[in-house]
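As written, the chain order gives the labels A, B, C, D and E, with residue 1 at the start of each chain.
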């Protein structure tokens, strides 16, 4: 006899509790989402500034600030995927100028034949066709074996391996000598760990050649325009 | 940002309602933990733990009101099992609750028994048979050795006798190898 | 007061989140490759734990049992987002290193475990203190882990401290010729060192247990002897 | 001649040195009657027989002195005529070194039989046959001593296709079955025919290891004769390859028929039954001659000058038997059974029982103590030789760690303790000891759990009953007058002070009188379990009493309600 | 004779045992390694003997110290030979011109950490030699990748490499596996691989010059172990057959990119692994079917790590990964117990 009443009672309590929990949940969500949103608002400019600093720091590693006086971030163009640079995606290229005159190009490149796949590079090439410097930005080389291409991991802190490319161009090192010693070239490699060094060396050589070839065209393009590959 | 809050709010309402509904609808009755604990306890129903029987002690453990080391008949092994079940650390037997004794059964000295039935009332497992003014006796296989019949007996005619080993209940010992049995004794 | 002592002891040793409960392994193993990173993440975790314990203890009367977990997560997530943004804004170098691990504090079981097990049942002060002490327990272990890994792996300590205090720099402890022990710096090394730390704790604990047991037996024996027959 | 019997292999097994020649040179001799026979009542698997005689009784040879108790049990008999000296606890032929109830008989030298008459099993009902065999004490004589009447039952199939006779005798040193088959083959076959009839079995396969050519030849002759008499060829003697433990019942059944009888299943469900040749002989004596089982053939071998087989009266001390064979001076132990599975005896005075197929005399030279146990390297040799296809090293691992549940998962109870694994183990681990340990622990635990379940049930029932009685009482009171109703309310509310009825008064007086009597008794007799306590124990007892008092206080309302 | 006396005899049935011991098993394993070592010395000089000696002395010393610390009877365990087997496997898997401290350190880790911290003989879940190899190649990948050149067998130079401080570039050479990876990663040089694996002067005919003979020596020793019934056929056959099948299938699919089965079987540690490493009973699977699964899976992992991994030879990692899985494999591959398989009347 009392059963239907009980069920009805239970039904109402289910509804009541559901509504109550939903309401409380809503209240908490509103308060704390607002809190998060507020924090975001406050820190937004600072975070953006940090991100910019980070980018400039990376570029600064290959292109010392003294080499240019323009707003590097604004004077950039987009590259279509460049096979010669080992790239399968669009990248940015920054143009450094000093006193309005072209000074250097900062571009990205990649070596696909590392021991464990792709090695990403950033490098700066000055207007005379010398490589100012290059850095590895991402790689998966075996720790302790091939990762000396990254100066942070290189045990030789005073003169990391990657710095031997600085200020060299095809005038000082002929293009066919732009190889590791093992392959009869000019650059050192760690014995027992040739593969990573060879990949970086070859990729940088290709990138340098590409930059020298397209230098004038690249400087001539308006800012924020797009560079399409003209020939294979 | 307004959008973000809206999405969050919507999610909150749905989630809150669903959880509230589920909490009522799928409420589990009873406490299986008590059964599990009770299964480990030795069922002597002796009350040495301070609770009137094994089940109440199991309930107390499940509620966190009693510690796991209050059961002397269960011994260290029982405490280990409880510790494993409850994910707690092992503790040695709490001394205030008694010591682990060899398993025993109660025996009524039939010469002295006056047939008062007090022990029959005290026995938690009805293992004593007899009637008023008749001699009582303990059904040994059913006796848990809880000793609860000892205090009520007005003539102290009940004693606990350890269960001895027989050829049938003898257990092979853990094989521990002695590296150097002395020649003299072995000969 | 002894309740606070208990809380402290639980956090630092007995219920230590890493050594006893082995929680929060993901950030633990990923970030503890050197002392500075380890301690930094640890400090961030302390802050989150204190704040979340405080917030939840304060709000516990308003949180229905059924939806406590989503609410806890929400609160922790809000706090962590705040800290993440703050790191990004003010300690950007360190943020680059700790990177994804700060948001991961949200899912760090340590925080949720303490909130659920302690803060939701205790008063404001006790809960905040518990957050602090649990965090301290986390910091000293992750710090030790980081120090051992850094020392064994490359023979230095405090490398990378310039990211926080630009005027300081790391210390080279072992000679520069030290060949290093690379595996200590890699994730497997973190497991090895953590395993050894846990083994060390168990060893200390079992030794202490043994001692108390012996003491009790002696005590009982003395007691038995002193009672007149 | 017979068609060549197809043989099946069994997994594993070992080939230890057999050492059987020493005892096969001489025919079976009859051991002299000792000055005192100690006959244990418990000589078979199952319930312990009740003693039927008491000290001072005169018994005849073959007289039943222990009656079977329960469904699985078997009677025991006086081995010769004489006087019962005592029915008391004596050391058992068991490794435990524990004692059990034995009937001690002083022979009178007259060897006077009880009246014997053949049993006509063909006209008896199955129950009568069953009881008769049970009361003649026939059990499996291969060593397992399982009551034979339980096995002489065709089971649910109603008939069997094969009766297997086990003459494999694979254990080193033991030759009692070999000699029995050589000398009494005809009787064995006669016993077999009786069993076949009882079991409605088809063919009879007699498995004998091929290292016993003489026994095979003798059995072959007897079988041919029987086949000729019946005009068929249903009895076959099958030589089986010599490999321990080919004589295990399950292994032999597998070798002869290819059928594997799983652990815990009856072989009759597979249309098979297996008996030892000695059992067949005993069946013949019991059925055709009316003689209960009072003696058996025992091999005495090992560290003795003249190993030999004897027909021995059950209850003869092993020492007397060993003395007949001239034990060598460095003898240090007596083993019942063979070197692979035999039980170490607590001393050499224990009596020969139905299970004793061999009395193996040992010395440190003959059976040197194994080299120190090394850790298991999981080399798998034990698994290679295990005739039960087990993983002995896993069972060892868990038995050693006392994780008995896992040991059972690895089928610990399929282990037949044949000892092959320990025999080959390069780490010289006493594997079988670990299994024995684990098995007895598991059995003990099961018993404990059963007892706990019973106790729980009884306790819960008691609580239920108390509750019900309380309600009934209240209802009864309520059903009475208004005054009664008030009283009921009072009784429920103030259970501490129930109304005193005259009846209870009388009871109290009685109790008081009894207490007075008891006090006098108590002054004389002090309860044993509270004497000689250390002060510490005393204190504990007091503490416990105090707690008990509390509980009683708590429980009082319930108790009073029961009054 | 009383019951107390009997207790001192302690052993129950069986009362006599077959004469076999752990020691004799281990000794025969060492004997089986000799042909491979002989080939090693012939092609790459005596440096390997120095490494074996170094590893053996270190292993025995570490074993003795650990036994002492753990309070175990010294002579009984030291004489079991298991430490020597571990030591020899370490020496044979490390480059023979590795600096002395690398071998000593690796051996110490194997004996102290991988063996004794887990409870000593019979308790180690991982193959100690493989633990040593894996730890060392992760910690010192450069040193663990410098193998002796096939023509640089002069002992004085090798001695200098082991005990001197100089790195001897002239002596080192990429192993065939390294060479394979080198060209594998360079799209322009993929064509070279065919020449490399063919009759190439430097690398020998099948698995690289010298290496295939060493592998054959190990295989010979493995056959001896089979004949002595110390190992069963399951593991070697499963390992080699699986490696053959997997590498064969991929080589057929793209022969320019993937090395063929002959190369895979006869280079690196494949033969050593098949007969001496995966067959380690303590850390491997033990049931017959389990052994097949264990060794087969180890072979697949080996091939994957060799082809795609960050380190040249994948055997150590493959074996360690399978060590973890061994208890599980054993649990699920229990052979049916007597009577529990439905075997009515079929012949064995």
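Quick note on the criterion: contacts are C-beta pairs under 8 Å (C-beta built on N, C-alpha and C of every residue); 3 or more make two chains touch, one makes a residue touch a chain.
Keep in mind that this is a model prediction, so the values were computed, not measured.
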Smallest count of steps, each to a touching chain, taking subunit C to subunit E: 1
Maximum centroid distance from subunit A, chain identifier (CA atoms): D
Taking each chain's C-alpha mean as its centre, the one farthest from subunit C: D
Most heavily contacting chain pair (counted by C-beta pairs in contact): D-E
Approximate Å spacing (C-alpha centroids) for the pair subunit A, subunit C: 34
Gap in Å, rounded to a whole number, between the CA centres of subunit B and subunit A: 67
CA centroid of subunit C to CA centroid of subunit D, Å: 61
Inter-centroid spacing, subunit E versus subunit A (mean Cα positions, whole Å): 42
Multi-partner residues of subunit C (each touching 2 or more other chains): 64, 66-67, 70, 74, 180, 182, 186, 220
Sequence positions of subunit B contacting 2 or more other chains: 12, 15-16, 19-20, 23, 95, 177, 179, 181, 186
Residues within subunit D bordering two or more other chains: 332, 369, 372, 430, 433, 436
Complex contacts: residues of subunit E adjacent to subunit A: 138-143, 145-146, 167, 169, 172, 174, 181-182, 185-187, 310-311
Interface residues, subunit C side, partner subunit B - complex: 64-67, 70, 74, 213, 220
Complex contacts: residues of subunit E adjacent to subunit C: 135, 138-141
Touching residues (chain side subunit D, partner subunit B) in the complex: 42, 48, 92, 94, 96, 98, 100, 332, 364, 369, 372-373, 430, 433-434, 436-437, 439-441, 444, 447-448, 451-456, 458-462, 507, 510-511, 514-515, 517-519, 521-522, 525, 527-529, 540, 543-545, 547-552, 554-555, 559, 562
Of all residues in subunit A, those that touch subunit E in their complex: 112-116, 140-145, 190-195, 198-199
